[in-house]
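Below, subunit A partners subunit B and then partners subunit C, in two separate complexes.
Up next, the complex of A and B:
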């Protein structure tokens, strides 16, 4: 089971403003390409001279009033030839690219989707082609077809089709495993329709980039082929033949090579830039996940309106103490992610941070570690660990704290361990760098730790790679690694969510056992109230970036005081023993930026009154609740 | 609900072959080993198991996404196992699916209208206007609105995406919908909304569900019968309430006991009873004997060599466990189990 925890980070990507410099560059690129097209179409009208008219008296002249870019060896006007060369460039790149796409993409799609023998045979042919230098292949094809612009472009089209073929095949290989393709097959959609209607639109972004790269490459190759006399034949004007001429007269008139050279450079650059822009604009709709927050309902930061809130009693044995923490996306005026969060965890205590996705519980854990990512910042409040405020620390100081005083265990053990190293070496490395143990001692201690987390044959298992272990075993290794530096605070972020229930039970027992032995404080982040009931001493329920209730575990389950807590409890599969309709909380968790004014749960709450439209403070000391009607409501466990 | 079986799976084996580097030999892995299941029309069968139990392989085989290596899948008197993955359209029309991950099961480049009407485009000759009208009708069935038609999947929350997937599965009014972990990626509060929705539509249209999940408690709310899989074997099958309230197979019992209780005091008491156990070694799948013998607290000498067949259990259903081999043995074993 996976919880879509990465939503926030995905939102970050699309909300970052685009720098305006790239807009300028795009405009310039578009202008150059439009100019190119214009000159290609209207070459007859705008060129000052006939590009083929010779005037041997004026040969090899530099720029002048009559001839802006000078004349070539036969006295022909360079500007006119350059403008006519645009026509050749456009025709050539269009022709070769079209052939490459039409040939490469369908074959690539087909062999990628079908696989088997088709794939094997075609790929071996492609490999044979690309293993020979491209220009050689083109020359061989031209030798068969004969010289001339169109034949050269067919040759280039065939040559470049291999890159389209490989690209299309590669992307299809990945896409065909997507669940949406499976869905389409279950519906009974034909293979052809799956390829064209379902998969092709999703591989468009890389194809577009490839097209622009190819256009650039074709321009260069055309110039190259014409330069060696296999493309455009003299006296026709193309940028390649112009370079050819310029090379012959380099000593006499160096300026001849500049106009075609600059034209080629500018065109290729512009096409590539435009390709990047196109890809980004297409990709945005797919990559972005969250709807843009409606600015009208953006929450004002509560500080100004909320009543001063009583801070919880600070206990002397607190390992971690968070006070009035605010985290926002994009600085002080940005979208709030966490607001006004305060809690403490004592030595040997387990505090559960419970909530659904988007509640800010995972972000709280990352904030403590200083791992929130560049767009998120703690804008207010303090995070005090062992008496030191982490929010005022510099990055390198926090890095020292991380791994020494605080360690973290993540949801997915198979991805939180590095697949390239043995599990033992990953723990031993920490012991060497953080604790300064010798290699031998570090390894000895590693084996002890692995044995301690309940893995049989520890010495042997230390040499295993992560993929050789089951999920439960890998999570035990991750726990052993977290323990290696004897942290005073262990943050466990959904550590059992990806595991089977029978394994979950073992891991929970392990956490409890290790806490008894090492006495560290544990911040246990989970969406599963039953797991929290099993492992936690106290539970903080989070909703939409704030704490709505905190209580000692027995009290919370016996008598929830916030309507959201009660709703969550009722929704647990074990909580009721009847046929549907099962109890639900109507609506869904609002995203950051879309939180209601006042009580953030008010739009889903059955007990809402007009009083709920103002900010509700978190009240109480040992038992805290953020509900204005908490005292009058009698929210039993059973409805 | 009628008595005629809609889907009948008999001695189904699903085997994956892994070719070695040179394409010679290689190893094979049996994901499903001789499964027997029956779903009557309009009935919901919950198929429960942990990761690696073969439940998804079984579902994918019914859907024709993975070929059966032997055995029989009879659906509406057609043997699907012999068709490979090329189900004829009339068969496809009757079996639809909703998958686990609402984030990847909807094509990101298609609009909701395209997604919901895709089955209609493949299977019917409806005009665009007719399809649109039907799409609106389908969205209403899953509590979404007409205004959602032109949006893309990324504009919806996980729960809403799963509603769109359900709308698409309902489009052809199939006889069977395979639900592969339909709510396990969802938040607690949206999970029940989707379960309720599935329940209502089943009764409205008389659809049968094959509901794959890892959570027995969740499955039992909506299932008529429950089957439990372990390492490719179906180890227990029976009426939903019986399996949930008095599980017969030791594995089913372990599965239920492993779920933490919502009551901290009772959970503490239960925890005190079991001592910290070392991690289970990833066992090579036993070739002989009971698949659960290495973890079973009630293992008998017989379990080492013989694979237990399905024995009837009090209260309905069967369990593949020698505890139920005969009345005498069973009574003595039950005494023993109570003592534990």
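Up next, the complex of A and C:
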């Protein structure tokens, strides 16, 4: 046996399963169910008394040394009855669940496979059954079969078989689609075999989950039926019949209701919890928690080497001015997401914020709006909009700024409009709440805006729901909404990425047009340099949370100075190309928390030297670049 | 909107038909002979045969079904075998009782479920969320009738705030009606509020991550407005889709909870009907309950259509 030496620099990280709270709960649930099974099997041995032996002298006593849980109205020992009740609970849930599975699964498989008329009739019958309260269905079946444990369980089995039937049918239908799609030729017998082979592994996980759900429901229903006298019949001890007795003596001996109640709750709770655990571990399509940036590794930024440079020349007509902005996940000591970001945008100017995904460009837009989410915070620097610093504002103050002074257009118009309301009402709502317009004026103005963004028949389209509009049309609406309160800054986050190529150009033209008319500043976030080249006056390139180059658009294209910018330009398809961008930059943007110590681009850079391992400052005034070798390298666009 | 209602109504016709066939044929499977039930051991064979003829029991079953259906459509569900009162009268007399419990418990379940779900969704993993999740988990494991017993022990026997048993019709004394319905309704509604809370939470967490929520905030709408108008409207869509199922469960639960509080509602009627093998009574009860469920379904379908424009017929 070899054990990796601990002093080895490549220490093997062994993740021991942490004794998490949910793990503990699962263990307790399993323990309770095992205990239940044990008591059910060995009831005769464990129980201190015969559960049916009466002793009227000792009736209705509280807990004592002889009778740990007291005695009932006939002097029978409650503990013994509770233990025998375990046996009935196990028998009941096993019986009803087995019947439900044996009845439901084959019928479901059959109708799913046969389809057509059979399927229609059986499904209508199932619909009819589930439209009657379950307990009433059970009552009718019991009326036919008679009362008693086994008969009641047959009734419950029939009742719960409907859910297994639907489950099996659903699996067959889904798999049948799969099989037909994959095998072009469909031949009778082999087709049937293929189907079966596909169904069996696919039905098992949901079946197991459904079984646990059913066991819980059976336990509750059995107790309920026995409680109203239609299930287990006295004098047999089931938890339901015990509660029936207890109900009659609530005034005299309320304690009688506690042991069977607690037994039912603990059992059902354990079964349900186990079902949840099973569903989470084997169920499909579990919505995982949002991935957390790796928080284990913290980048220790070399202090002070990169003090905010005075390079950013403040221009008098700047609408927005960001100065030395730091954004971190989890406060001052957290993982940095954006560092040392400075730029300004003037009235009527369009600044492109360019970079691969993960470079922090979208986060910059959200930071301006103060919408980064609860975990992220601006830890340093300022965001000054129209002379007011947004970073020092309170929530309700910044709410007034949004929409009025700054508005945003998002990437996917079909998801950024609320599906539940008409597009017009979503614009009119802003005009009413933000501008104080009357409903009538707001609607009139809404129609004008929709008309302004180039949508024909605006009055009619205003009453449409988002899903009734094409992507391009919806994006025009989103733009109209953003413009509704005349913002001085418009943030556009990849506004053309989700659209058709032909529509892209129209939307870009619309932006240009609107800027000419309203004169707002635009921060245009995109990963697409071609789009940026089309619409922007200046371009800022971002990489791993910082700006690596900023230049006037023609200068940047003519002579990129940062190796990353050059890589992006190389990856650009030629104007006529329909091919996807060429992947000339190897690797991908490192995630926050995993940035290299010196130049953050160093692990992908072809020009890296030892000098690149220190923090690189952003230098220059009108043209700025963050590369130590910028002056010596000659990075033509296409060497 | 009218088209939606019409479409839904049309879809109900086959459902009601199948329910009526099932109800009729299943209750015909009852082991007992109605003639024996009515006459008991007394009566000669001729008397038995005469009654059999008079009740139409010698006719073929499909004819008996059609006759039964024809009368049922006119609101005549026959007479109880046991005490020959009209089934319709007996059911209608008990209906307000069960309906009160179902309605109040549904109200409790919806209000508590939505508030708990929203609060939990707003602060995922906070103590509020954990508490709500814990409450929801327990709420679904507690038998409603046991919870009723405990409520009686605490609030009726000990504190004497509410009556332990019985039911006062709303027409007699509205205040007493509320007092007598509140404990059973809480007992009944807890499990449903837990189920609704779980659904609201997961729907709300999903909606809050949507672009349109961030977009609405980005346009400067207040957090409260975005939450209660934009997010909740969308989060309610999946919840409303299963609401009629929850109300069906409540209606069934009412049958049992009534027994805890010695309330003379449909549950008592049903249990007696089983014991007495009272076929017309069971048939009538099933039909009336299906009728209620269908009305609830229709209502929730309409609300669903209002909340979710994509569900509307075009």
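The rule is short, and it goes like this: the second predicted complex is superposed on the first by the 412 of 639 C-alpha atoms of A that agree within 3 Å, B and C clash if a C-alpha of one lies under 4 Å from a C-alpha of the other, contacts with A are read in each partner's own complex, and residues count from 1 in each chain.
The rule is short, and it goes like this: a contact is a pair of C-beta atoms (placed from the backbone, for glycine too) under 8 Å apart; a residue touches a chain by one contact, two chains touch by 3 or more.
These figures come from a predicted structure and were not determined experimentally.
Colleague: Between subunit B (first) and subunit C (second), which, if any, makes contact with A:333: first, second, both or neither?
Modeller: A:333 contacts neither subunit B nor subunit C.
Colleague: Is A:371 in contact with subunit B, with subunit C, with both, or with neither (first, second, both, neither)?
Modeller: Only subunit C is touched by A:371; subunit B is not.
Colleague: Just subunit B (first), just subunit C (second), both, or neither: which does A:531 touch?
Modeller: A:531 sits against subunit B, while subunit C stays out of touch.
Colleague: Can A:610 be said to touch subunit B (first), subunit C (second), both, or neither?
Modeller: In the superposition, A:610 contacts neither subunit B nor subunit C.
Colleague: Under the stated touch criterion, which partner chain does A:430 make contact with: subunit B (first), subunit C (second), both, or neither?
Modeller: Once the two structures are laid over each other on A, A:430 reaches subunit C alone.
Colleague: Touch test for A:634: subunit B only (first), subunit C only (second), both, or neither?
Modeller: neither
Colleague: Which partner does A:478 contact after superposing on A: first (subunit B), second (subunit C), both, neither?
Modeller: The answer is second: A:478 touches subunit C but not subunit B.
Colleague: So subunit A touches subunit B in one structure and subunit C in the other; where do those two contact lists coincide?
Modeller: 290
Colleague: Show me the residue ranges of subunit A that touch subunit C in the complex, using the header's touch definition.
Modeller: Against subunit C, the touching part of subunit A is residues 124-125, 127-136, 139-144, 146-147, 216, 220, 223-224, 227-230, 243, 246-247, 250-251, 254, 257, 260-261, 264-265, 268-269, 272-273, 287, 290, 366, 369, 371, 395-396, 399-404, 407-408, 410-412, 415-421, 426, 429-430, 433-434, 465, 467, 478, 481-482, 484-485, 491.
Colleague: Give every residue of subunit A touching subunit B within the complex, in rising order.
Modeller: Interface residues on the subunit A side: 1-4, 178-180, 182-190, 193, 198, 201-202, 204, 285-286, 288-291, 356-357, 454-456, 469-473, 476, 500-506, 508-510, 513, 527-531, 533-534, 553-554, 557, 567-569, 571-576, 578-586, 588-589.
Colleague: Can you check the complex and tell me which residues of subunit C touch subunit A?
Modeller: Listed in rising order, the residues of subunit C that touch subunit A are 14-15, 18-19, 22-23, 26-27, 29-31, 137-138, 140-146, 149-150, 152-153, 157, 164, 206, 209-212, 214-223, 225, 230, 233-234, 237, 245, 248-249, 251-253, 255-256, 259-260, 267, 270-271, 273-274, 277, 282, 285-286, 289-290, 293-294, 297, 307-310.
Colleague: Give every residue of subunit B touching subunit A within the complex, in rising order.
Modeller: Going through subunit B, the ones touching subunit A are 50-51, 63-65, 85, 87, 89, 92-93, 95-97, 99-101, 103-110, 118-119, 122-123, 152, 154-155, 157-160, 165, 168, 178, 181, 184-185, 187-193, 195-196, 199-200, 214-215, 217-218, 221-222, 254-255, 258-265, 267, 271, 274, 276-282.
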